[in-house]
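Heads up, the next two complexes both have chain A, just with different partners, chain B and then chain C.
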Partner chain A sequence: MINIQNIDFTYKKGKKKVYTDFSAHIEAGGIYGLLGRNGTGKSTLLYIICGLLHPQKGACTLDGIDTSARMAETLKDIFLVPEEFELPATSMRRYVEINKPFYPNFSEELLDYCLSAFDLDRTVQLGELSMGMKKKAFISFALATNTRVLLMDEPTNGLDIPSKSQFRKALASAASEERAIVISTHQVKDVEQLLDQFIIIESDGLLVQSSAADITEKFRFDMHDLSYADDNELYSRPSFSGKETISLNTSGEDTPINLDLLFTALIEKPELAKYLNNEK
Partner chain B sequence: MGYLLKQQTFVLRSSLSHLLLGTFIFFLCYFVFLSLRFWINKSAIDVRTSDGWGYIALFIYGLTIALAYSMTFTGLETRVKVIGFLMTPCNPIEKYLSRVIIATVTGFVGILLTYFLADGVRMLLDWAIVGKQVHSTIPGFFNALGDFAEGLTDTRDFPATISALALWVYSLTFFILCSSVFRTKAFIKGIGLYNLFVIIGLIIVGTILFLVVGNYDDGDVGDREDFFNATMVAVSVILWLFSALNVWWSYRNFKQSTIL
Partner chain C sequence: MNFKQNIPIYLQIADRIMDEILTGVYPVNGRIPSVREYSVALEVNVNTMVKVYDHLTSSGLIYIKRGLGYFVSESAPAQIRQMRKTQFFTDFLPQLAEKMQQLGITEEDLKKELTKYLNK
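Right after this comes the complex of A and B.
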């Protein structure tokens, strides 16, 4: 579906390269978590995928077509929810009327479902909404477009606690086998239950690309007493009730992924990535 | 394309209405300024005067169309604004054409209507203040336009008229180019550059004419005219080529634009 091949990218004014020979791939049917520290280029990667930024070397393709050309045939399959956006001062009904003709698979039912999940309806005046409410309206529209690729940059920023739960509900209803959803976020707790694929990037490029199934097959995530010691333990950190550990999964038993712990572990001990990248 | 035009007209409705309102106020101020002395004297405006005003109105009309073209890519000043437009599922050429079509309709039709409206308001004021013999400048405007069109069919006036037309078309395409290059204040920046280019162009053409035509001291007047006409046609050909270059360049700029 989406193939990012050996891209180099540098912002014109910046001396530091954001990406050097970076490659990744995104397949339909997955909800991808794009994780990384500040400044590692998560948003940049989303912009490159949808053709809003052009890599100096390499290419990003959707079904073999270079997305940087921004042709209609690729754009109708990609929708981006940027971190910041503007909505016109009009009703949701009018907004939908004007924009839905561009998306051949637009689903009125899904839109109504998502809007109701967010306690909104089509009569709302977009210009009068708070930023959080605007985000909910825009996310509803984005999910209803039914594009094959949906890119979301920090979608839960600005949403209150109930809205985050509503967001998960709406996202789960919009996910399908034909669709890839990529969520770039710092707030992993908001979406970790939904993610089934992970792309973790560091300042020098791709650190890990792995599925949730692969991670749970290789790693165990446990909570132990501080005195606990195990030869299979790869990483641990103290917590209020003992210590959180990542160890090699030798028992074959699946444990829920502690994404926050995994991310911290990969940043602090990048060599752990070798286990996930099948290099060890 | 139809959906895109509808969407973009909706997106640009605020900028376009500001442009048309501004043009209307400008035309009205211009008419009121010219009418002041008649209103003070409580005299009637004669038809010949209003014909003269028509010529000036034609000039202002041409200038304001350039202003409309300088707003071809308006509303794309910030990353937030540009993302929505660039992500709309249409080919770059469709997006480019949609903006040029909107600028063309706004420039040629919208501004003409604001001119008519401003002239109508001025006539109402005339009628209220002077009370008789109210004349419209619109026939004068169309007379001026007719004179220009006549120049294109008249063999004698053709070289000068065609080069004037070429200069105007060049100006319009130049402002489209400026709009694609400058994200803010495209008209102001464009005017500065345009004046620079026109002055340089006039110096070059003027020098050629002076050096060549000026040396026909004892020559036939017909030779001077022939050379002048040939120069005008050559200049207009160059301007047409530069106009095409401006359009191509502005499209290339738009197509390759990113959110940087």
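Right after this comes the complex of A and C.
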């Protein structure tokens, strides 16, 4: 569906490149976690995908059409929720009337479901909302557009604890086989059980693109006593009662992915990425 | 839902549904929530729930009626009790024995303490 092919991107000529010969792909049906440290270009990548930023080399395409051309036929299929945004001083009802025509698959039902999941309704005045409320209103609209590609930049930032759970419920309802959802986040715990695909980037480009199924097949995640030692251990980090470990999965047993640990391990030992990236 | 380390999440959710079957939340031949409904309720990926339902179906605990959804098998409660009994003897009992040896607790000590709870 989305194909990012060998792109180079820099904000200013002569400045350090954010991306060099970067490639990745996004398929329908997946909920993608886009992970990376601050300043590695997560937001930049989302803007490139939706065509707001144009790579100097290579291209990002949706079904073969360059998204930077910003054609109506691609724009109706892509929606971006930026990390920060302003909403006009109008009611949700009016906002929907004005913006819905751009999204042919817009679902009124999904909008009402999401709004009610967030304890909101169509009468809310968008201009008068707090940061967190504004986010919930806009995310509801974004999920309801039913675009085939939905990009969300740090969607749980600014949400309080109950709202994060509401967000997960809304996201689980809005996900479908026809849709790809890409979520950039630092708060992996907020969404980790919903993600089934991962794109992990570092300052020099793509570190890992892998599915949750692939990761559990290759790695196992355990808690052990400090004295425990194992030849298959690849990485460990102290925990309250001992250590958290990543080791090669030789038994074929699944263990739940410890995403926080995996991310830390990949940043500290980028060579671990080779286990996840081979045989695609 | 808070998930435990080490046990695959799909098995933890399957266990939860088995509890719900045993406690009668879902009666025999009653419909259980759809994959999507359940994934929304637990806030997990749909694929995880698909795996849970596949696992329960292949264990014979639930069955599918095309177009209608998933239902609890006639034999499910007895089967679950049997599985849990086996688990008790293979997983729990050895751990208990190990702890008893560690702490020097005899069978007599245990019996005495146990009766307190069993005759409740």
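By definition in this document, the second predicted complex is superposed on the first by the 276 of 280 C-alpha atoms of A that agree within 3 Å, B and C clash if a C-alpha of one lies under 4 Å from a C-alpha of the other, contacts with A are read in each partner's own complex, and residues count from 1 in each chain.
Quick note on the criterion: contacts are C-beta pairs under 8 Å (C-beta built on N, C-alpha and C of every residue); 3 or more make two chains touch, one makes a residue touch a chain.
All of these numbers come straight from a predicted model, not from anything done at the bench.
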Scan A:Phe9 for contacts with chain B and chain C and give back first, second, both or neither.
-> neither
On the superposed three-chain arrangement, identify whether chain B or chain C touches more chain A residues.
-> B
For A:Leu194, is the partner it touches chain B (first), chain C (second), both, or none of the two (neither)?
-> second
When the two structures are overlaid on chain A, which partner does A:Leu52 contact: first (chain B), second (chain C), both, or neither?
-> first
Touching A:Phe141, do we find chain B (first), chain C (second), both, or neither?
-> neither
Applying the touch criterion given at the start, work out whether A:Asn99 contacts chain B, chain C, both or neither, answering first, second, both or neither.
-> first
Which partner does A:Glu86 contact after superposing on A: first (chain B), second (chain C), both, neither?
-> first
Mind sorting out which residues of chain A both chain B and chain C touch, each in its own complex?
-> none
Okay, in this complex, where on chain C does chain A touch?
-> 3-10, 36, 39-48
What residues of chain B sit close enough to touch chain A in their complex?
-> 3-4, 6-7, 10-11, 79-81, 83-84, 86-92, 94, 255-256, 258-260
For chain A, which residues count as touching chain C in their complex?
-> 31, 165, 168-169, 172-173, 175, 193-196, 212-213, 216, 221-223, 253-256, 258
Mind pulling up the chain A residues that touch chain B in the complex?
-> 11-12, 47, 50-54, 69-72, 75-76, 78-80, 82, 84-86, 88, 90, 98-99, 101-103
